[in-house]
Amino acid sequence: MDIRVIAPVTSQECEARAFEQYSAGARRDTRISTVLLERGPASIESAYEEMLAAPGVLAQILEAEREGMDAVISNCMADPGVAAGREIASIPVIGPAEASMHLAAMLGERFSVVTVLERLIPALRRCAHASGLSQQLASVRAVNIPVLELTDRTRAATALVHEAIRAVQDDGAHVIVLGCTGMAGLAGAVQQGLAQAGINDVPVVDPAMAALKIAEALVDMGLSHSKPSWTDVGATGSGV
Amino acid sequence: MKIRVIIPAVAKHFEPVALDYYSRAARSDVEISVVSLAEGPSFVGSLYQAALAAPGTVSRIAEAEREGVDAVICDCMTDPGVEAAREVVSIPVLGPAETSFHIAAMLGHRFSVVTPIDSLVPVFHHHARRTGLQRQLASVRGVNIPSSELGNEERVLQSLIHQAATAIRDDGAHVIIFGSTGMARLTASVKQGIEREGLRGVPVIDPAILSLKIAEAFVDIGLSHSKRTYPTPPEKEIAGY
Amino acid sequence: MKIRVITPSTMREKVERSLEQYSAAARSDTQLSADVLDKGPESVDSVYDEAMAVADTVKKIETAEQEGIQAVISNCMLDPGVLPAREKVSMPVLGPAESSMHIAAMLADRFSVVTILDALIPAFENHALKLGLFDQLASVRAVSMRGADLDDQERLQEAIEEQAAKAVEEDGAHIIVLGCTAMRGLAMDVEEGLRNRGITGVPVIDPALLALKLAEAFVDMGLSHSKLTYPEPPQQEIIGF
């Protein structure tokens, strides 16, 4: 199957890393391809930037379906363009936030999301709430590292472990969700860090992998989103 | 007090219509101005179109604050760009869907949205989830009239009345929200229509005028959104805008 | 327009005090009047007190409508008598708690209420739950002050600020709702006080003034509560009232 991963930003580095991460996690019979945006922000850390990214993401979703992709992923925890994307596409359109939170809710009584910046906490809470998962959201925490600085993997992992321990010990989390797709690939390190602190068997969900696996599962099952939930406005909408 | 209405579409012909509509309802000490977009879709009736309209809408809202406007209203029931705009400005930014949902929830046990724009039906469910008011949303009903035939106002009105009455009788709605700002002038007629069918004492909310009144209220008492929830966006490289 | 503020207390001096309080935000064309109770408690500091205040509050609200008043506000954060009164009258009946919680939920991710006594915390939590806004309630905190204590404005402001700061820093609140209408005129000062402590971007809502603004908005729009939710009670003899 062919899965398109949209890096909803202009950063080539982000696109390259997404390709690496998704390819490493994909099944042998899954072909991963990635694209980035020409028009939009370098990274997404606010509702404003998500808003600027959305039109480009939507154009790429249309393109993905036209090129015969089996599913498309908008690789960012703001799930940019996902809801609107379901109006214009029939193939599965997956957002890592929705995917990872639903998965986390299946893996434990309560989960915490550890994201990059404090300013993103309301948006992630809203995602959990809109997904009907408020009762299971223990907390949302932030490592206070901007997305583009996550390239320092050691620093990122250390900060993540610190917040994950607080989430488990102070907030009652039984599952941790990495709250930024820029943290993809760090789940193992976080799990190790927790074990070193004596916290075993707390799953750490990588949102990129969650999106990927759910996309693969849906394609396998021949399932996609329900059209009554997202108005079908056809491939080009109107007046654009 | 200066309040600006943003029409989140390339629809200059609609500006005078909106100006007249909002001005009539505004207080005597309120000055209304209306702008539309230079770039974007010509109509917004879906999340997709709202996403395409958002950048231009947010830009207009930022411009309004720079020009000393006290509050802005997004003239569209998809509330396009409202959250992004709240990060960019400090003045109140009113989204008619969010506003009418909260006020409807204060006026009755459950509310239904009745809309002449069928494509908006799923969007209202989406809003209910996002505002956390799903329990209070009894139903969303569309008129089942193709958009090309919405010019037949009498037919649209009859269908709206029918849908509103059905929402009350069958879906348990105690309050009706008129699900469009562009055609909100029909709100009073819908209320009269359901009253003629014996359904009295059911508030029917005009989301456009309501947004205006709430905007006036906020400016009066110096209330606006929290900048903790909507902090100024970080300084960043943005291509193509 | 004519709006009446009814304070659920038998203390006559609260007539003047409430008029002064609400005048701060009344429109120039709003005629404010105020009333207190003939029967009931001196102040509402508990759910028991509220129960003792309800019947006469409802009576006063009914009288107001008979006298041609167009909207009333039940001047107390337990919203005493609001729901039963809506069954007896058609004009808008505003509860400051309901009004401020819904508006707070529109303006921020989460809100905290800072009230007077710890014993009232469950009442506020239950109210938020009932309104469907529990997920947006960060916390309810109390200043542990009542009665004449509340006249010491400086001490009261200091206490509110302390609890508000904790609500933001420990509970995750992005907006504060003053949880007692006796916290008169302090919203702006508390907001500034928080800023002086380095806590920015947190609006503070004065529920009394907000309820007044919503009342004015509703009267402007001819909007009121749904009679389907609040139907006229069946006729029966009620002894002693």
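As written, the chain order gives the labels A, B and C, with residue 1 at the start of each chain.
One rule holds for everything that comes next: a contact is a pair of C-beta atoms (placed from the backbone, for glycine too) under 8 Å apart; a residue touches a chain by one contact, two chains touch by 3 or more.
Owing to the predicted nature of the structure, the values given are computational and were not obtained by experimental measurement.
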Pair with more cross-chain C-beta pairs in contact, given A-B and A-C: A-B
Centre-most chain [mean C-alpha coordinates]: B
Euclidean distance of C-alpha centroids - subunit B vs subunit C, Å: 27
Whole-Å gap separating subunit A and subunit B, where each centre is the average of the chain's CA atoms: 30
Centre-of-Cα separation between subunit C and subunit A, whole angstrom: 42
Contacts with 2+ other chains: residues of subunit C: 109, 135, 174
Where subunit B touches two or more other chains at once, by residue number: 132, 229, 231
Subunit A, residues touching no fewer than two other chains: 122, 126, 129
In the complex with subunit C, residue positions of subunit B that touch it: 25, 27, 98-99, 102-103, 105-109, 131-133, 135-136, 168, 174-175, 200-203, 205-206, 209-210, 213-214, 216-218, 220-229, 231
In the complex with subunit A, residue positions of subunit C that touch it: 109-110, 135, 172, 174
Touching residues on subunit B, where the partner in the complex is subunit A: 9-10, 40-43, 45-52, 54-55, 58, 81, 83-84, 86-88, 119-123, 125-126, 129-130, 132, 229-231, 233-234, 236-241
Residue ranges of subunit A touching subunit B (in the complex, touch as defined): 10, 37-43, 45-52, 54-55, 58, 81, 83-85, 87-88, 119, 122, 126, 129-130, 132, 146, 228-231, 233, 237-240
Subunit C residues touching subunit B - in the complex, by the definition given at the top: 25, 27, 90, 98-99, 102-103, 105-109, 131-133, 135-136, 168, 174-175, 188, 200-203, 205-206, 209-210, 213-214, 216-217, 220-221, 223-229, 231
